[in-house]
Amino acid sequence: MSKRNRHSRRRNKILERKAGVKPGSLLIPTEAYAPRFFLMSFNEEKLMEEELKTYEELMQQVRATPDMRHWIDIRGYANQTMLEQLITDFGLHPLQMEDVLNDYQRPKVEEFDANRLFIITRMLRWSPEFHTLDDVQLSIFTGPNYVLTLQSDYGDCLDPLRERIRVGKGIIRQRPAMYITYAILDVVLDYYFPVIADIGVYMEELEQEVLRQPSKSTLHQVLDLKSELIKLRRITWPARDLMNELLRMDENTIPAHLRVYFRDAYDHAVQLIDLVDNHRDMASSMVELYMSTVSNRMNEIMKVLTIISSIFIPLSFIVGLYGMNFAHEDPDTGKVLPHNMPELYQPNAYPILLGLMAVLIILQIYFFYRKGWFRSF
Amino acid sequence: MSKRNRHSRRRNKILERKAGVKPGSLLIPTEAYAPRFFLMSFNEEKLMEEELKTYEELMQQVRATPDMRHWIDIRGYANQTMLEQLITDFGLHPLQMEDVLNDYQRPKVEEFDANRLFIITRMLRWSPEFHTLDDVQLSIFTGPNYVLTLQSDYGDCLDPLRERIRVGKGIIRQRPAMYITYAILDVVLDYYFPVIADIGVYMEELEQEVLRQPSKSTLHQVLDLKSELIKLRRITWPARDLMNELLRMDENTIPAHLRVYFRDAYDHAVQLIDLVDNHRDMASSMVELYMSTVSNRMNEIMKVLTIISSIFIPLSFIVGLYGMNFAHEDPDTGKVLPHNMPELYQPNAYPILLGLMAVLIILQIYFFYRKGWFRSF
Amino acid sequence: MSKRNRHSRRRNKILERKAGVKPGSLLIPTEAYAPRFFLMSFNEEKLMEEELKTYEELMQQVRATPDMRHWIDIRGYANQTMLEQLITDFGLHPLQMEDVLNDYQRPKVEEFDANRLFIITRMLRWSPEFHTLDDVQLSIFTGPNYVLTLQSDYGDCLDPLRERIRVGKGIIRQRPAMYITYAILDVVLDYYFPVIADIGVYMEELEQEVLRQPSKSTLHQVLDLKSELIKLRRITWPARDLMNELLRMDENTIPAHLRVYFRDAYDHAVQLIDLVDNHRDMASSMVELYMSTVSNRMNEIMKVLTIISSIFIPLSFIVGLYGMNFAHEDPDTGKVLPHNMPELYQPNAYPILLGLMAVLIILQIYFFYRKGWFRSF
Amino acid sequence: MSKRNRHSRRRNKILERKAGVKPGSLLIPTEAYAPRFFLMSFNEEKLMEEELKTYEELMQQVRATPDMRHWIDIRGYANQTMLEQLITDFGLHPLQMEDVLNDYQRPKVEEFDANRLFIITRMLRWSPEFHTLDDVQLSIFTGPNYVLTLQSDYGDCLDPLRERIRVGKGIIRQRPAMYITYAILDVVLDYYFPVIADIGVYMEELEQEVLRQPSKSTLHQVLDLKSELIKLRRITWPARDLMNELLRMDENTIPAHLRVYFRDAYDHAVQLIDLVDNHRDMASSMVELYMSTVSNRMNEIMKVLTIISSIFIPLSFIVGLYGMNFAHEDPDTGKVLPHNMPELYQPNAYPILLGLMAVLIILQIYFFYRKGWFRSF
Amino acid sequence: MSKRNRHSRRRNKILERKAGVKPGSLLIPTEAYAPRFFLMSFNEEKLMEEELKTYEELMQQVRATPDMRHWIDIRGYANQTMLEQLITDFGLHPLQMEDVLNDYQRPKVEEFDANRLFIITRMLRWSPEFHTLDDVQLSIFTGPNYVLTLQSDYGDCLDPLRERIRVGKGIIRQRPAMYITYAILDVVLDYYFPVIADIGVYMEELEQEVLRQPSKSTLHQVLDLKSELIKLRRITWPARDLMNELLRMDENTIPAHLRVYFRDAYDHAVQLIDLVDNHRDMASSMVELYMSTVSNRMNEIMKVLTIISSIFIPLSFIVGLYGMNFAHEDPDTGKVLPHNMPELYQPNAYPILLGLMAVLIILQIYFFYRKGWFRSF
């Protein structure tokens, strides 16, 4: 809970500060990281991979090799000058850069200039400890021979792609920069699947708990999970729309031979939505199951009370009956008072009464047994 | 439950492994079966049906009879070379083959080359033992004179169609390969109907149980069933879309005289969705019925407790009253203490009291009877 | 319930048998009736109405009067040759005839040949005894000068229309066959209104029951009714779509001067949907009402228990208190033990105690009265 | 409730009678009023307003002044000849007149002939006594220089408009007949707002009742209100569609300078839907509030029971303990039996016991206080 | 609650008065403020900012500087003449002015004349004291070189924009009036974010209360909040539509170079809807959490009752048993009655019984412990 609270509080802080600020102003979040600069330059024959110290070095490197394709990968934003330089060097719009910095954008794609794309997508992370989803924004600018990615912290889920570029000298290095864009989107999306799988595993644990011994905190966890799933749904739907929009772009932006790849990524996004919806339905079922388990537990408690009360309250009456003090004879006259509790003066009356009470108990137990109250509910 | 868990765990494993892999790579699932090769070649006059030992034999056979129509039916994928050979021989895209191998695709259709189709559909099976749905993917590639089907295990639901090809030398053997495609889709879809009928039978059993003696496991079964129905819905909707897309394809791909058949299959898919929605509504009703049955049971328990307590607690008070030890005379002076429980010293006081208590019991029972508490709730 | 079960079982049987059968095969249901042949031939001047013995006689009659308009009305399907003959004589598609025989089609319209229509609609019947909806399929083929209707059993709701043809020599006999088609659709749809009215009457009875004394079977009835209403909705929606599709057909199929009639029928279908939705909302309200009535009843039970327990348990304690045996004097020494229950040895202690207990009872009753527990909840 | 039942029964009767009747037949409802004829004829200079005795007089008047604009206002339908005359005189379609008579049409607009409109709208009335909505149909036919309105009873909500025509000799009398049509629609729609305001006031009363002392009848009222709101929604949605359709009509039917007025009316209809939805959400919240109030009341009842039982049941045990009759000495031998309830023979044992019991009571009360059970729940 | 009631009552009053009034009549709300006139006139070089005393002065000022851009900002409406003058001076339609005065319009945009816009948007305020949303209407008219804004009271959320005009002599003063329009819309929309953040903070407080000690008023607050969120949703959706409509306007109205700004504002509106939906889902979860907390509390109460009753009711029976008065010997004959409660006459019988009862208590406690009833539920 506290984790989630902290998360939403962070968002709230950002929201508060935003209001009333000039559109397109580069407001660097206070918790921003210092930027690091990574560059992969490659063509069919060779590959250069390097982390550079400054933005200037980076651009020098890029400009030095105009015949190669470049993946410029900047992590961390805490440098106003660098951001402004980026806008100038890559011909970006200040509003785009504002979107990059504001870490709560929905996935989207915008075409600008001729055939250049600005894409925002979100990388997912599942925290198995707090059972919360983290999602980090990845902003992508594509140009004729480069892909520029920006993200707010240092870690990401793109290493498998980097490995493919390093190793597979085959296909990926021959394709245009747009293919790299696709590959990034695909890796990001593919990473959703294990996250959903992790959530699935967690859901099964929760379901077992709901069935065995549901506590208030169990319901709380189920509802938290449900809200994480709703959040996930809010990320996957625009991700699908983004893919769809890319699919409908014209030949010059997305060449025909790449279309089949984007179509494939679109199918994955649709599958993701299916999986998320599936999990949401399961979470709803778990709430119903929880509610019914609480009701059943109540029934069980009531049955214990009812069985014990039903057996012993009548018996208490009986023994109370024979505890009455009706006098056998008048204390003043000594005359015997007729019919005043003659049972008390019979031989063996006590064991006979005990026997009768035992029969009563047995009858009652039989009655409850027949009603099925002893069956584990 | 365990069955379902196992199933979802299997899916999870697949999801985990998938992430970060190069698009279009042929990742054969570890539990894949060794491929078996079946071939039906036919024209209006003759029919050859054979299981072949190797893929090479199969292709040889196919190439040897270019004037016949072929249904190439490969079951099991565990052979990397064969898969690559398939891509080359039939001009497939690696991404398509990846879809074939990944057993969790939604039903879909893709047109590729000129007028060739790649269709994914799902064959349903209902396990009457575990009350779970199994669905196996059937991938179909159509060409001018062949249909290539691929599936992951050996059994399927296409035998009635094979029988029709064998026996009915009439219509089916005269039609183009696209008609075979239709016939496969139709048989797959037709097989959904008995599955839904089986689910219906199971639902009626469950409903009886909910009405007679609902236990926690009953609700669990109902919710599991509901989730299977949601899954079924997630399969039938894209199946309908697939049919609809086929209907809207142009004359060259789906000839006009076949359109009426696809239209018929589309109608079936719509009917299926109706039936599934019907079952889902029934399942929701069952949850409501269950909840109310638990509440009613609670009422019944409470009524037993209340009737017994209401009768005997006042009686216990009365007998307790006459068990009090107020002294008839002062122990020190021997003087009679006036009005101290004179009832105890009346003749016949005991039977009179018993009679009064009996009257009280009768009044109370009458009261509860009037309130309708003895009516079976 | 049993009625409904029987119904769904019948459907299930049909579903099971269907799978794997060649598309367009004429599978006559085992419970089919022997066909009966009715013919109404008419023009502005004259009218011939007859039941014919065989299909041959029927067609002879039709062919003999090519200048009249014909309503060929065949009830019952149990004759394979007749069905095949129909296909030939009227130029139908085997798939259409399969739809006619399969009694679970949704309402739909198909245009075939030039300007000929194949319409499926469903006639409703409400069984006031079992509170279930029956719906029987009516298949309509229209030609330039005939309307061919097919239905599975002998009774229908078209008699008012027949009467209008017989009597009103005016308008209906002057219009083209398409007007007869409209008239049939309109009569079928009009008949839905009294069915919905009957359901409304039944709902009010049920609502009274829910309010007065809801039992488990009441809820069951409400949920059954809700499911009948969902079924009704599943019939009325496609009926509306069918009307809409007719409205959008071109001038040659639906002449302009008839359009206003179809528009009117469309409005009726929309009204029907409104009414059905209205009833569904009321059924949902009844479920909520039922649930709350059960809760209220529980409260009432608990109040009885609590009032009685709260009054008598403390009193029982008090009388138990004075039933204690603390000795007045030491049995061994005979010395008086000080302060051991001196109340027992006071004159008038007993009536004083009774008075105090009466006050306690009155206070408690006042307390419960103030809390409103005696008000009928 | 009874009011509502009567209402729905009336509707049911109408529904029943309708089935099977020839389309376009003028079935006058049995409870129809005798028609009254009102006429307002006006142009920029003068205004004539009159109630006429017969339809003939009315038409004479209209025909006598072809240079004026007329609002012909007929209330009550019980005159078959008049209805038929109307059809002839104004060139209406019998189906339109059937719609006029059938008082359960949805709001709609139809264009007929060139640029003439047939509009059905519904006037709302809220009965503050029975808390039910009444809605009366108002049918409008527009022609080049007249507006013909028909309604089933004598009262309506159009008086403000009549007043405006009488007084404001300015704008309204200069405009074409279509402006009168707009003005009627606008007044009808404007009258919805105070109805919704009345419902709002009633809802607040109900909410107070739900919070203070909800009884079964409260819920019933809330659910009835909800169903009235659903009915209202079913009227406002088509009213919006009607306005939208008018907006999309061509220049000849709705002149450009009037479009801004229709746009305004459309905005009002959208606002109405917002308000109705708002009320519906509040009604749903009230059901939730009711349910929780019933649960809370149950908790309160249980707390009373539990507190009293928990305090006195253990005390009853203690006093019962010292009511046991274990003998101090053997009655036969007179030998003292050791350890048999020595407490009974201690001096001051009774006050000590009373003290201990008081401590127990205090501890329990403290325990329940700590648990917050005395706080008003 | 009372605040909210007052608010809705105010709205109701307005609704009541509105009905039947001539469209386009300038009905000034009774609680309207006297108008105040603010003017900002600026171009790239200079800026004049002034509050003017009368409308005449204002217009004089505006007319005196035709080469500057003007933001005419009128707050308060209580001046009929001024309103009529506005209509004349700016060429507005009376219906537009009616919309301005009626403070319950949805956000919308209308194009009138050539390329002039009439926009209604709503400024939000969150009252942290009453936990209610206030929304004030801001009406905007744009012309070639002016923006005219009207609002009903004196405060607003546009100060940051005014500051930007004052300070930033750069961009904002160079752009056309349409950019000012955008900037106003953007500032209004940006101000929604901190409001949503405040609501988020309040929701977390409420959630803590639901978890710790939910009372009836907590639920009431949650439901009130939910209804505020629904209201918020009803404001944000049309705000998004408004932005979308602006985006789709032609080049002349929204110049191409401004489109990117409107697109950005549109993205913000979409984000807002996401956030509001998020909060609504959380509110729904809180209702579920509340309901389950009430159920759990009930369980807890019942457990206390059941544990205490189950332990002490049987014990009471036992001690009652040994309080019975079966006579040891016949009072008349003095003969010993055999087997009548011999336990009473055994040495150490009392401590043995106490021991047995202690064992019973321990067994029961163990039983309840095993069932997990002592675990904090």
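Which chain is which? They are A, B, C, D and E, in the order written, and residues in each are numbered from 1.
Keep in mind that, in the parts below, contacts are C-beta pairs under 8 Å (C-beta built on N, C-alpha and C of every residue); 3 or more make two chains touch, one makes a residue touch a chain.
Just so it is clear, the model here is predicted, and its values are computed rather than measured.
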Path length in the contact graph (chain B to chain C, fewest steps): 1
Rounded to the nearest 5 degrees, the rotation mapping the CA atoms of chain A onto those of chain C is 145
Same or different, please, for the chain C to chain D contact, judged on whether over half of the interface numbers appear on both copies. different
Per the C-alpha centroid definition, the whole-Å distance linking chain D and chain E comes out as 25
Centroid of chain C to centroid of chain E, CA atoms only: how many Å? 41
Touching two or more other chains, which residues of chain B qualify? 291, 295, 298, 302, 305, 309, 313, 316, 320, 323-325, 341
Sort the chain contact graph into one of these: line, ring, star, complete or other. ring
Counting only contacts in the complex, chain C reaches chain D at residues 157, 159-161, 164, 168, 172, 183, 186-187, 190-191, 193-194, 196-197, 200-201, 204, 211, 260-261, 263-264, 267, 270-271, 274, 277-278, 281-282, 285, 288-289, 291-293, 295-296, 298-299, 302-303, 305-306, 309-310, 313-314, 316-317, 320-321, 323-327, 330-332, 337-341, 372-373, 375-377
Tell me, which parts of chain A touch chain E in their complex? 5, 8-9, 11-13, 15-16, 18-23, 93, 95, 98-99, 104-106, 108, 110, 213, 215-216, 219-220, 223, 226-227, 230-231, 234, 287, 290-291, 294-295, 297-298, 301-302, 304-305, 308-309, 312-313, 315-316, 319-320, 322-325, 328-329, 336, 341, 343-351, 353
